[in-house]
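A quick write-up on the structure given underneath.
Per-chain residue numbering starts at 1, and chain names A, B, C and D are given in the order in which the chains are listed.
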Amino acid sequence: MGRVVIDVMPKPEILDPQGKAVVGALPRLGFDAFVGVRQGKRFELEVEGEVTPEVLDQARAAAEKLLSNPVIEDVVSVRAAEAQA
Amino acid sequence: MSTTTPTSLDTVERAVQTPEQEQPWAELGLKADEYQRIREILGRRPTGAELAMYSVMWSEHCSYKSSKVHLRTFGNHLTEEMKQHLMVGIGENAGVVDIGNGWAVTFKVESHNHPSYIEPYQGAATGVGGIIRDIMAMGARPIAVMDSLRFGAIDHPDTARVVPGVVSGVGGYGNCIGLPNIGGEVVFDPSYQGNPLVNALCVGALKHEDLHLANARGVGNLVVLFGARTGGDGIGGVSVLASETFDDEGPTKRPAVQVGDPFAEKILIECCLELFHAGLVEGIQDLGGAGLSCATSELASAGDGGMLVHLDRVPLRDPSLRAEEILMSESQERMMAVVTPANIDAFLAVTAKWDVETAVLGEVTDGEHLVVQWHGETVVDVPPRTVAHDGPVYQRPFARPESQDALQADVPTAQRLARPDGADALRATLLRMVASPNLCSRAWVTDQYDRYVMGGTALATPDDAGVVRVDEETGLGVALSLDGNGRYTKLDPRTGAQLSLAEAYRNVAAAGAKPLAVTDCLNFGSPEDSGVMWQFAEAVQGLAVACEQLGVPVTGGNVSLYNQTGDRGLDSAVLPTPVIGVLGVLDDVTRRTPSGWRESGQNIYLLGT
Amino acid sequence: MRVGVVTFPGSLDDGDARRAVRLAGAEPVALWHADADLHGVDAVVLPGGFSYGDYLRCGAIARFAPVMIEVVAGAERGMPVLGICNGFQVLCESHLLPGALVRNDHQKFVCKDQRLRVENASTAWTSQFAAGDEIVVPLKNGEGGFVADTETLDRLEGEGRVVFRYLDGNPNGSLRDIAGITNERGNVVGLMPHPEHAVEELFGPGLDGLGLFTSVLSAGLEALR
Amino acid sequence: MGRVVIDVMPKPEILDPQGKAVVGALPRLGFDAFVGVRQGKRFELEVEGEVTPEVLDQARAAAEKLLSNPVIEDVVSVRAAEAQA
């Protein structure tokens, strides 16, 4: 079993209400080191065999076409990962 | 894809050969005499899968073993007048009431208390999902939900974890599935700190001819499982069996909580309704607590024959699941139907249209055996009635607690509860009251619930009863109110329960509806405490008598016991909290009466005593 | 006049939209997501709900439904298309309308009667209103915050393409209080609030929503003339 | 400016309705390589200065306490990342 990991983040200039809520909550819990938080998505896609270049191409296309909305999000990475047990 | 080797499978054959094998009945929550009874019923030791089935079906939650003797009281107080509109009474998935014009409604309230403490969002969400499936199983289209909530002290840190989670869980599921939330309650009291109460009600509407019941009839008819795949949800308890029976590998990790998928359930509703309307379903049952164990044994028990089920045909989310785990899994958003062979292709075409995964698991058989096979080997062979209906019945001791007198004598004296004197004090008291957690606006909660979806809501928050339209042509519809009062019930369980009923009845009547039927969720502490049991017995007696006087039958409901933590006896228990739902009918919902002042210049009258 | 209402898996307000179409005097036609055929309707409503559970992004999966190819083609020909709530999200995901809808700034689902101002009364769906009219319709969503880059927002404002604006406070963090917008041609309109829940006395906050559906009817009648 | 990346995924044994919806949609768009999808969250936390071991400790604690729900989610990684422009 192979695995592809895709990371999608809200564009820096777009309002991120979830990240904003987190950055507000952190200091209340005593975590004072962080000045900004953004919350994005991480997808793990499993394939039957190995992660071939063709699989990666499909993953890249899926990331652009379905998994992200270019108006508000950027695909920050598409990469093969070792499948965990 | 099976990970078990045939030699490690605890088959019926093996059970016969190894009568002395130790079994973890105690870990599964069975008492010694209960285990003994299972052996007597079967004439041998149960297999692991059978033990799993009996243990879950004979649990308090499924068998009502502590409450059964008391619940019979409702039946004893059922008069001809009360049966007049009753199409289906206590005992089915939900009661069904005739509301005229060929229409009927079915409604029921159920608890999901403990799971909502563990994981507030998912616990509450799956509670809503569960009660909706009960309503679907009657052949109805669900048309509205309500929720009655009890939380600990409002300023306790854990309340800040539980409240937002529960409220967004109720909303998240109901909103996404498209059912208007038309009312409920929110109450704070320290007794609910470790035991919040999440009671959800669903009401559905159907034409008389669409009524479906949960039974498996007709030898040769097919037993079909459809909906979500089965995962390892809610089977923590049975993992003890894995370590007993299997030595090839340790049990894999099993989730402690169930995650709801309201989208899957919305699809399931539409799919079921299409199946019903096409006449493709002979019998139907939802899968809730105890999953396939419950669905197969109840369908077979209520039918006229036996049932053969091939467990290896169950579509799995987690292929490592073992036979007894599949039987126990509480994965959500699944239904089981009985379908004639002639209809199966049409049935599969409808489920395919809705992208609902479907598996024919087996068939209705001659005789009185529920047989479950795993890759051709028999792992269960039991008389279904003994699993589903003939569970243990307890006569738990009950006694009025000695503390009850002191509690009742402890009336607020003038010194302890000073009466306001003068306009300013009155004003201050009023302001304090309207700002108090149990009286203030519920908008923070109700603003998170969709009350408009389906377009039939004629009353919802902030009114005392919710009103929804059933028949768009005539305006025929129903009013519902859900009420409880744990403080009154603690002071006097009999009268407290009656007052809750009276409140719900009044709310429905005041909305302009004729009250027709009652559902109840009885939330109490441990039945092993004689004081709790007394509260329970008194409350049920009170309710039964009051229902008879008002002429409205209890059509179904739910009992939730063991709502207590700690070892302070009765003081560890939640306030005894019967939550009562009353349903009434309006010939034309546009003639409902809203509460509150509408225009200036109107007169105000006070009715009653 | 026949107005199609698309049902995606997870659509919830499709029945309500059909009712609204009927009460406005048109014939509602149920359209199925998997059927790439508009069955000759004169206009289309994409209703509210949680298509595909709204799990990935609201409207993201519905956008690829076979019926949407026809809806997009129709919209480009000038057919009136109205997207309500989830339908608005689908229109944005389909790029028939600019911008996107994100999680409400307060992070909660909100259901309330919402006052709106009709800013543009010359679209296919607002001709029965006058610019500046104030209406009340239910608002109910978890992801209703309209966002777009500043340039897009300025263009929308400049071209008068903001159709509805929130009044009495912004309920979800929408930029510039935008509740609904239209395309350049004025035939495609998307809005977060639910006009189909304000079409029957006593089953909503009033009748203010009916105007959208009667507007498209008169647009249709114009076209016939 | 330093940055910490935190990845949170639904536990493997827990139902992931979001991943399920995506895995259903991919083949309809012609992406046929993927047999399973799980959707998790990616957080990017910004700090004023460098990502010191103390910052990472705080991030780890925040990941456990606020950014994940241990009943249904696992924190799969907490690591420093170079700040992007």
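By definition in this document, contacts are C-beta pairs under 8 Å (C-beta built on N, C-alpha and C of every residue); 3 or more make two chains touch, one makes a residue touch a chain.
From a predicted model like this one, the values you see are computed outputs, not experimental measurements.
Chemist: If you tally the C-beta contacts for B-C and for A-C, which one comes out higher?
Modeler: Higher contact count goes to B-C.
Chemist: Just the number, please: Cα centre separation of chain A and chain D in whole Å.
Modeler: 7
Chemist: Based only on mean CA positions, could you tell me how far chain B sits from chain C in angstrom?
Modeler: Those two chain centres are 37 Å apart.
Chemist: Report the inter-chain centroid distance for chain A and chain C in whole angstrom, where each centroid is the mean of the CA atoms.
Modeler: 30
Chemist: Can you check how far apart chain C and chain D are, centre to centre, with Cα atoms defining each centre and the answer in Å?
Modeler: Going by mean C-alpha positions, chain C sits 34 Å from chain D.
Chemist: List, in ascending order, every residue of chain C touching at least 2 other chains.
Modeler: Chain C, residues with two or more chain partners: 52-53, 55-56, 61, 64.
Chemist: Return the residues of chain D touching two or more other chains; collapse runs of consecutive numbers into ranges.
Modeler: 17, 20-22, 24-25, 29, 39
Chemist: Tell me, which residues of chain B touch at least two other chains?
Modeler: In chain B, 261, 263-264, 355 touch at least two other chains.
Chemist: If I apply the definition of touch given earlier, which pairs of chains qualify?
Modeler: Every touching chain pair, ordered by label, is A-C, A-D, B-C, B-D, C-D.
Chemist: Within their complex, state which residues of chain B touch chain D.
Modeler: Against chain D, chain B makes touches at 118-119, 122, 228, 231-233, 252-261, 263-264, 317-318, 331-332, 355.
Chemist: Along chain D, where are the residues that touch chain C in the complex?
Modeler: Against chain C, the touching part of chain D is residues 17-18, 20-22, 24-25, 28-29, 39.
Chemist: Help me check something: in the complex, which residues belonging to chain A touch chain D?
Modeler: 4, 7-9, 19, 22, 25-26, 29, 31-48, 54-55, 58-59, 61-62, 65-67
Chemist: Quick check: in the complex, which residue numbers of chain C touch chain D?
Modeler: Those residues of chain C that touch chain D are 52-53, 55-56, 61, 64.
Chemist: Quick check: in the complex, which residue numbers of chain C touch chain B?
Modeler: Answer in residue numbers: 9-10, 12-13, 15-16, 19, 48-50, 52-55, 108-112, 138, 140, 142, 194, 196-197, 200-204.
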